[in-house]
Amino acid sequence: MSAKIRLGILGGGGDSLIGVLHRVASAMYDQYEIVGGVFNPNYDDNLAFANKIGIPTDRIYTDFETMIAEETKLPESQRMQVVSVLTPNFLHFPMAKTLLENGFHVICEKPMTTTYDEAKIIKKLVQENESIFAVTYTYTGYPMIRQMRKMITSGAIGKIQKIDARYYQGWINPIIHDKSKRSSTWRLDPKKSGISCCIGDIGTHAFDMVEFVTGKHVSKILADLNYLYDDNQMDIDGTILIRLDENTKGVIRASQIATGEENGLAIRVYGDKGGLKWEQENPNYLYHLEDGTPLRVLKPGHEYNTELSLDGTKLPPGHPEGIFDSMGNIYKGVAKAIKGEAYDHAEFPTVIDGTRGMDFIEKAVDSHKKGNVWVDIDK
Amino acid sequence: MSAKIRLGILGGGGDSLIGVLHRVASAMYDQYEIVGGVFNPNYDDNLAFANKIGIPTDRIYTDFETMIAEETKLPESQRMQVVSVLTPNFLHFPMAKTLLENGFHVICEKPMTTTYDEAKIIKKLVQENESIFAVTYTYTGYPMIRQMRKMITSGAIGKIQKIDARYYQGWINPIIHDKSKRSSTWRLDPKKSGISCCIGDIGTHAFDMVEFVTGKHVSKILADLNYLYDDNQMDIDGTILIRLDENTKGVIRASQIATGEENGLAIRVYGDKGGLKWEQENPNYLYHLEDGTPLRVLKPGHEYNTELSLDGTKLPPGHPEGIFDSMGNIYKGVAKAIKGEAYDHAEFPTVIDGTRGMDFIEKAVDSHKKGNVWVDIDK
Amino acid sequence: MSAKIRLGILGGGGDSLIGVLHRVASAMYDQYEIVGGVFNPNYDDNLAFANKIGIPTDRIYTDFETMIAEETKLPESQRMQVVSVLTPNFLHFPMAKTLLENGFHVICEKPMTTTYDEAKIIKKLVQENESIFAVTYTYTGYPMIRQMRKMITSGAIGKIQKIDARYYQGWINPIIHDKSKRSSTWRLDPKKSGISCCIGDIGTHAFDMVEFVTGKHVSKILADLNYLYDDNQMDIDGTILIRLDENTKGVIRASQIATGEENGLAIRVYGDKGGLKWEQENPNYLYHLEDGTPLRVLKPGHEYNTELSLDGTKLPPGHPEGIFDSMGNIYKGVAKAIKGEAYDHAEFPTVIDGTRGMDFIEKAVDSHKKGNVWVDIDK
Amino acid sequence: MSAKIRLGILGGGGDSLIGVLHRVASAMYDQYEIVGGVFNPNYDDNLAFANKIGIPTDRIYTDFETMIAEETKLPESQRMQVVSVLTPNFLHFPMAKTLLENGFHVICEKPMTTTYDEAKIIKKLVQENESIFAVTYTYTGYPMIRQMRKMITSGAIGKIQKIDARYYQGWINPIIHDKSKRSSTWRLDPKKSGISCCIGDIGTHAFDMVEFVTGKHVSKILADLNYLYDDNQMDIDGTILIRLDENTKGVIRASQIATGEENGLAIRVYGDKGGLKWEQENPNYLYHLEDGTPLRVLKPGHEYNTELSLDGTKLPPGHPEGIFDSMGNIYKGVAKAIKGEAYDHAEFPTVIDGTRGMDFIEKAVDSHKKGNVWVDIDK
């Protein structure tokens, strides 16, 4: 029998892009075996998909409830150890909750839940059960982001004095200006997507990135969101002032109406000894600035990188790895945790990160609706 | 006798960098002849400097008052037509005022004055006298910034929906963390530098750039400044939310503690048809984004550029011009105005721009001190 | 039973990087199942490795000969359909030959063989047997390289008039200047590595890239190689003039002593209507130049790309894919061929490309040794 | 009387771009006063131009011969000290020769002459007369090229082992494919332009740059030129293998049919301790590579640069200077030489550089015509 970790998957069938991303990521370091799951709500599609991707169909279930019922009957040595939740957002919470209650570890797509209250319930369960719970803020798996975190937390740029995160996309531009399109897309429907579009979908990534690379918590925020049209109920753009402590300030900028932008996540952190800059669309370059010395450009795979960064690079310098590799690193970290091996807490985002992200979304909308005032992020 | 414009210069002697910049700019298109001025407060230094740069010394004056007295005695065909004011900031207002009152045109370094009230006095004088008055927001002279303005104002990117300006420097970092240094530099002394350091010095450039490239006015702002130390009286960093109208939002980010940054002015504007991006440190590239088409990179000197842009480029594509050339373009525009030739109002920043800049500085500090609230910029 | 293609693997065990690359690539589109092979010469290591990566051990063989013997006994519906050859270079030829003679399809690492004569034998076998035979010139799988090929072959840049390929690395610099190191590395030992180091290892990639993106054949070359030390028997640098036809000229530049370079493969092709440029270390950017229009930057995943390019991109624009994804695309193409599905001949490099590469290596060395003279590449 | 150097100018009137470049360059450091010359062959145009640019007309002459006759009559303290020769190429030699014979220093546009023989005559005259003679290989004045030279000659990258220079333009593409255009442009007429178009015009710049940054001489070359059409008598593209000594090899690539390229001069030099890379279109970035350390990016104006580099930078880091500034630095160096001040021999290219450039052109054509064979460059 394979020594691989037994992985179940919920969602991600058919043409799902997120499904491809997670499957490839799980295969990348030979750590997981997909043993079953529910890829599609329709059972025939479900089976067909399992065949298509070469998974035995004996543990492909008709629905989530059956999966839980059947898997829990299996001896511990056979049952799924971890389940990846790739279903629509509103299902993340009930599925994650049930999985945790039944002793499964969970890899959960973001947003972790649709409300902060739900997130806190999940967090409590994870902590009580001592479960492994990863939220796939995928971008934290990039080697140079890991390097950035380790450099900052070890003092390479000194005391932080300025933070600037950006996440600009343009995809909603062709939708937002057409009344029928903007009223019919699920992304702008609060019933399907929660209270925020732009901040909820990408602002959270930027927020998580700020906390990930600095190793610190944002303490309060002041948000100015943009809805563009009165009949549009969801923000599609926003600028958010942030403070870590009284003198550590910064800004998170997010937009889905930055016309022509693709997936422009970027972060800069400046301290009293230096600065670091990184952009997701060119993820293999980390820029290190200091007073009076030439700009330094760090790249993956070099010995000058930290262990955490090198652990996430498979090939020698100059062989660009990308987003699949980044997600692969997160799966690798989860595998270490499940196997009880030593790992760095930066190897995958946890339920704490996911919960903070939900708080951030609600507080951003709250700040905006109150007239752009400061609101506290919970500790 | 030369048909060149007779230019006087105040300040800019000795090792002054700004002096070099203005002299080269004035020479660039063979439009000006420096006929005299007061380069230094010390008369001997003043004469020595005039000799060094090859200016006849007969109209090198002992002081500003003498210059005004003597020049106004000269027949109109001989007296200075325009005077460049390159003196310390607090002298801009009294000198500009006197020059205008005596019928001289003025090219004034920024900040135009030290207070908004002073600026309004200058503006009134300029308008009453129909004087030519340029404020040297140097960066507006770059060919690709001119191109950006013309593209935006002619509708190339449609209705503006997002504006993002940045001006990051790191030069104050080595000063700010040392108590004795920060208490002794004139840049952080309100008596010498007015009420703002970062916003006053570079935030205004970003503000002016926003209005220059969009051809629109910022209507209100909400500022969050950073002073870092309680004993420091001047902002050294700030993020400013801006609104043009209710749904046209944006942000101006400025910092002098972005450690390692040199002179990082940049601007992005997104409309419903496209986006444009530009960075001062690589001024010869203008990035044009649209949904579903490849990114386009415009460069100076090509026929596809507008007349205003081409007018500011001397050599064929691929021969990089820089900041001296940018200032040269502003001087060229002023020359056209003085000669009564047709010119585009974008060829040089005017007293209106300078006045708005002073309003912006005061309102930014006001917004911050009131607890980060919205304040209106005057129309 | 899975409908996946049954894949065998030779070599690539232990810490082999190439092994990881091929396994991930085979998993990327859910097309292959690794059913067995010989990962290591040592049988215990071989079994341990199979366990580590979760492959059933029943078809893990003690050696290549046993694998052939046992696999050929299996019914056609069970035996390996295709075998990836990842062993040391000198084993490529005998293994590929035996595999082909026994009816297996082959995915062969480059160089395909150690001599041109061997390559011709393989080519003959492939053509006689109508086998599928891929040589993993990995870089041809990048979406923007596929786009470049399709644009050029469809006439987007007109008649080709200038070609410039570069492959610069610096890895041998720390070795070559140390007499004991350079005399002991297998890379510089003709008995182990054939007649060429730099041209054989990376020059061939550049040569293949020239022919891949242009869809044309190089007709003759003139090579100037560099060995740096008299006691060094293998080239570590070389510049090679190339001609496609009498007026279509170009150059291939390759070096392993370009100190500090990582994996700098790049190609530029200029025609009478435009030019295209690409660099491997930033593989998701394709630069398209034309007279009098702004530079255009094409990126993967956009609808403006050709079908072949889009077929090799899994996620929307702005989600960088890398070298694993590139190799995944080659495996995807081979899968289509094995399944008898329609595919574009540019989806994977064939035995013809591999054979031409071997001719190129021998001719380059020949040209150099004869005093840098023109030699013909076979048609 | 001004202490400025008395400068005469030949050519550069009307709309001449090179005229603008030299005038601005001469003004940049307040070192020169243009006292007269012959801007245009037509005397009325000549006078009108002098008035336009504000030069007194008393020393604007009807023709070159008159200028020599009249200027030599003036006392030494009044006569022109140096004359800039900006006339058509075929006039460089006779004018430079006469100027030198009459005791003037010379700043000569490139190519210095139209033949190598002429160049040697000029060189002999300069050496006999101990004249100051600068050839305006403009690009050598860039601060980061000066930095590159000083780093290489001081050993920063160790022993040179690979040189790669490129100069790609596309401007002749719209001309070359049209028979009537290519037969009528003076650039492709040997009677007007000498024996080479591409190598003569831009290949020489690349050659000079190789020798400038390395501080070494090319000893032999092997050229492959391209004429594209049988009825075209002048090369428009070429690749040239170069050797400094037996194991120091490299390549110079030049093209005027690199469609869409603007002014793509670039150089890379690799030694056994590191590498340096620079591109003219982004002249303020110098890339320094070493084994195992992050890439370093040097920029102008920082204290880490050498004195020679800093001497050519007027403003603080982040204020981009360009090609006018580069030419200004060459004029600054010539001024030091004329004044008898200490200067670095790298401050301006000399008659030796100009002469070597002419040899290079003739040898490149010779190598090509003989069938792409090695020919020696004179020592």
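A, B, C and D are the chain letters, set down in written order, and residue numbers restart from 1 in every chain.
Note that in this section a residue touches a chain if its C-beta (ideal position, glycine included) is under 8 Å from a C-beta of that chain, and two chains touch if they have at least 3 such contacts.
No experiment lies behind these values; they were computed from the predicted model shown.
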Of all other chains, the one whose Cα centre sits farthest from subunit B: C
Interface residue overlap between copies subunit A and subunit D, same or different (over half shared): same
Centre-to-centre distance between subunit C and subunit A (centres being mean Cα positions), rounded to whole Å: 35
Whole-Å gap separating subunit A and subunit D, where each centre is the average of the chain's CA atoms: 55
Subunit C and subunit D: spacing of chain centres that average the CA atoms, whole Å: 43
In subunit A, residues with contacts to at least two other chains: 261, 295, 299
Topology of the chain contact graph, where touching chains are joined (line, ring, star, complete, other): complete
Of subunit B, residues touching subunit A in the complex: 157, 161-162, 164, 170, 173-174, 177, 222, 224, 226-229, 237, 239, 241, 247, 249-251, 253, 255, 257-261, 268, 270-275, 289-291, 295, 372, 374
Touching residues on subunit C, where the partner in the complex is subunit A: 2-4, 17, 20-21, 23-24, 27-28, 30, 33, 51-54, 169, 171, 261-264, 280-284, 299, 314-325, 328
Interface residues, subunit A side, partner subunit D - complex: 288, 292-299, 302-304
